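Following: one structure in structure tokens, then a few remarks.
By letter and in written order, the chains are A, B, C and D; residue numbering begins at 1 in each of them.
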Amino acid sequence: MEAPFADSSADRFGRPAAGWRRTWYTIIFEADTKAGRAFDLLLLALIVASVAVVMADSVHDYAARHDRLFETLEWGFTILFTLEYVARLACIDRPMRYALSFFGLVDLLSVMPTYLAILVPELHALIDIRVLRLLRIFRILKLAAYVEEYRFLGGALRSSRRKILVFLSVVLMIVVLMGTFMYVIEGPANGYTSIPVAVYWAITTMTTVGFGDITPKTDLGRFIASFMMLMGWGVLAVPTGIVTAEMTSQRLGPRGLRRCEGCGCDEHVREARHCHACGAPLPESVRTGS
Amino acid sequence: MEAPFADSSADRFGRPAAGWRRTWYTIIFEADTKAGRAFDLLLLALIVASVAVVMADSVHDYAARHDRLFETLEWGFTILFTLEYVARLACIDRPMRYALSFFGLVDLLSVMPTYLAILVPELHALIDIRVLRLLRIFRILKLAAYVEEYRFLGGALRSSRRKILVFLSVVLMIVVLMGTFMYVIEGPANGYTSIPVAVYWAITTMTTVGFGDITPKTDLGRFIASFMMLMGWGVLAVPTGIVTAEMTSQRLGPRGLRRCEGCGCDEHVREARHCHACGAPLPESVRTGS
Amino acid sequence: MEAPFADSSADRFGRPAAGWRRTWYTIIFEADTKAGRAFDLLLLALIVASVAVVMADSVHDYAARHDRLFETLEWGFTILFTLEYVARLACIDRPMRYALSFFGLVDLLSVMPTYLAILVPELHALIDIRVLRLLRIFRILKLAAYVEEYRFLGGALRSSRRKILVFLSVVLMIVVLMGTFMYVIEGPANGYTSIPVAVYWAITTMTTVGFGDITPKTDLGRFIASFMMLMGWGVLAVPTGIVTAEMTSQRLGPRGLRRCEGCGCDEHVREARHCHACGAPLPESVRTGS
Amino acid sequence: MEAPFADSSADRFGRPAAGWRRTWYTIIFEADTKAGRAFDLLLLALIVASVAVVMADSVHDYAARHDRLFETLEWGFTILFTLEYVARLACIDRPMRYALSFFGLVDLLSVMPTYLAILVPELHALIDIRVLRLLRIFRILKLAAYVEEYRFLGGALRSSRRKILVFLSVVLMIVVLMGTFMYVIEGPANGYTSIPVAVYWAITTMTTVGFGDITPKTDLGRFIASFMMLMGWGVLAVPTGIVTAEMTSQRLGPRGLRRCEGCGCDEHVREARHCHACGAPLPESVRTGS
């Protein structure tokens, strides 16, 4: 497990030079020492437990039976996360930088709801207290700091940003057009009450989810639906098939039999170990199991 | 368009040396001449039209209104396909070979039902005449002779036979196990009336089809269902992600930024045209659009 | 953002040599200048806003409440798009070429419905005025001019045209055959009212969409459905698995452990940094995270 | 077919040196001899038949009609599998090692339920005898010993363990967050009775299964659902598209036409056989069928 900020925080947040603040920094922000790793594991456990409590709290039966337990646990978590937050800010040289960073904001969002419920009671009238408390679910994002691969994933997504947007825009254009067709063809009587709803159905169909809450009833509607389904599935199946076909064609001749890389003879059955034309051994990865 | 038997029939079915049989062979089995191509196109059109009639005949409204038209068309198709079949057999030296080959059997199956209905009226009692007539749908397989790629597809499938069977067996083991769990957990009251039905549901879930005719109602059932859904979708998503991650990591350094192939410096933003460390130009495919 | 016609319109539509037409051409058809880019951005915003109005207009509640606003906005858009269309035609040397090109037709289709509604009132009786107005949704295709990648996508699709058609034809043959089986086995009583409807169900199943509006009730029907679901999902899963297996087998020996590229020894656990047989360092991409 | 333990059991379980135990070992654990292969095939048939009986036993109709037959068959299988288990333990030098290995435990689980039902009748009150009997379904895992590829699959999965876990954790974070949103937005009235249930729905949606037992009814809910569907499908479609686009771009120039590898000229239509700029022949795999 990697320390969440090891490679960037030293300069970014300002690592203190010495003293108790340096010791705390080593424990909280770094994971080279035993204490640092123990801190990280403990925090991970607290985050998961706290999210589990938020989820359990929403199940009517559990909430009724364990009302006081959840209340207590929740205050426990809030206090612990507050202490962690304060400790983080206290032991770096540039606390504002952390407070405004992604993880700093997540930390704030993790503890704020419980306090807001107490400090600003009028909020009751505007936002359901339950909603506020559910913001605690964002604590789950604190987990993202602990895994190096997430930063790689994030970077890979950012670098492919343009391709993804282009792809998405083509899909959006198709679902808007198709949704409009279905709205005209099927009409509100069959569930397609407006273009936005028809577009929602089109997305359901093209992504092959297919809830079934809205389905085409007319022949033309079903025909267009079939076209959309084949497109949505085909976007996955056609490239996959093409890529595999190209890989296979390098190993197989045009009649689908195994090709000898040496002489090009392509009439070998699967069990053959040597090319019957030139005698060269046939590649092992092709021979076993194919 | 390729003649369906060009590369194999000369020896396989016995191409006649000369005479009217040779002329017919050239037209029917080969597509090098204008007549040969015209024959093939005409036959393709007849096949598609005949399948369309079978489909239209099943729609109650159409069948009622166009009863006599369909009857006449159907006799027309049957006679034409019979003539084609007889012609094929007549102009080769080894007719039995063709009659027993895949396409020979398909040809026979395309015309037999209509005759059986007339010649063996007692069949009425055993097999619904409609079912017999629906066997005509197999004519659609005659189309497969006309496309070279199908033979390649067939060969590729045959050579990967073992891999596909292994994969399928793993899937079958999983759905039998999971289906049995759900049968025990949910029980017949919730739709899982027997293990085979539960296995059908498990296949529905793992292949991400999700009809919704049977759905888990208990918490544990939904938990197992979630596990299965993630597995079925993950089988597609995880490898796709791994392959893409490997490809991307060759272009990007560990922080997801673009890497200069020359010096390994990996801190280039997307718009950069040259490596800021060594000056080498950055690859175009990475620069445009990424 | 690229000018939509930069590389082709100069000769294709006839770029005027000088004068106000040349200035307009630079703004409308090219995006090298500030004015050109501003024009493009403004047009993009107008297109998106206009499509949003068409969509909102279909929602019964909104249409009732904002009736006059939508009417006004719609006339605004129509006038603006008409001016744009006229301007485009006015500032090139070969206006007919543009008028007959894809984007020229889309532009015409974007403004025509509103005018037709006024000029040809008898159209009321034939085509619902709402339908006419919904043709405005085609404006969304004007967006395609602005993204270079669409032309690449279009070209890639065209070049793979044959492969896609072959693939689609195989899928169509399978769904027609399977649909017919299900029509016979399940019958109209279970929802499979005709072969076309059964084929619609077969497409729903093979593309893993699974609406659930029609589901098999008999044992044999469910068995065939299972077979189809495994095929539709398998088309995606089997190639993905094979490709990944091949990539992995180059890194792993037959027992799935990491292989040292140098000496072929294949018994390294994930954390190993050096081959324990020959001492060579193990590749980094294999070591980190695997 | 490979002997299940050929490469590991000789040392792992202790192959006896000589005598009847050696003969039995050769038959049971190895498959080099005719007897060995025959034993394996027989056992495979017994396993499949026994699983089929467990499945048929759950179908109410069959169980009623063939009650005594199933009972008899089941005792037959139990006795045969017990004999096999005892034989395995008897003919190796380290029986405990086998008994505690994966397959040893599966073997035990295959015969235990039937005996438990007889020996510990009080178990009736605690666990439904049917459940016990259903544990027999684990016999299906005995099949895994017979296919070499499973061990490769297992190894490949183990080596990609970390990647899979990271991927799964991202998916879990997303479904917990989205599930919570939908719980707040839609609420119990629309089927989202608690956060765990909403998370179950979120998994249904993101994996594109889409049962339809719970569906969003509000506009905002449908909007979030659309976002999730596009994400779940996009995870499959975007990488597939990117990989294919990269492969195709190596063959095609930026306008999607075929590129001549020699001179880079990229304006060749599909049927071209030679580059019109430099005369070099265009690659065959690109020419045929594209």
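The rule we apply is simple: a residue touches a chain if its C-beta (ideal position, glycine included) is under 8 Å from a C-beta of that chain, and two chains touch if they have at least 3 such contacts.
Everything numeric here is computed off the predicted structure, so don't read it as measured data.
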{"item": "Chain pair among A-D, C-D or A-B whose interface repeats that of B-D, sharing over half of the contact pairs by residue number", "value": "A-D"}
{"item": "Rotation in the CA alignment of chain B with chain C, degrees, nearest 5", "value": "90"}
{"item": "Chain C against chain A, contact positions shared by both copies (same if over half, else different)", "value": "different"}
{"item": "Distance-maximising chain from chain B - centres being C-alpha averages", "value": "A"}
{"item": "Centroid spacing, where centroids are CA-atom means, of chain A and chain C in whole angstrom", "value": "23"}
{"item": "Chain A-chain B separation of Cα centroids, rounded to whole Å", "value": "33"}
{"item": "Overlap residues in chain C, where contacts from two or more other chains coincide", "value": "148-149, 153, 160, 162-163, 166, 196, 199, 208-212, 232, 236, 240, 242-243, 245, 249, 289"}
{"item": "In the complex, chain B residues that touch chain D", "value": "148-149, 162-163, 166, 169-170, 173, 176-177, 180, 183-184, 188, 193-196, 199, 205, 208-212, 215, 219, 222-223, 225-226, 229-230, 232-234, 236-238, 240-245, 247, 285, 288"}
{"item": "Interfacial residue positions of chain C with respect to chain A in the complex", "value": "51, 54-55, 58-60, 130-131, 134, 137-138, 140-141, 143-144, 147, 149-150, 153, 160, 163-164, 167-168, 171, 196-197, 199-200, 203-204, 206-213, 232, 235-236, 239-240, 242-243, 246, 249, 289"}
{"item": "Interfacial residue positions of chain B with respect to chain A in the complex", "value": "151-163, 166, 208-212, 236, 245, 248-249, 252, 254-258, 270, 289-290"}
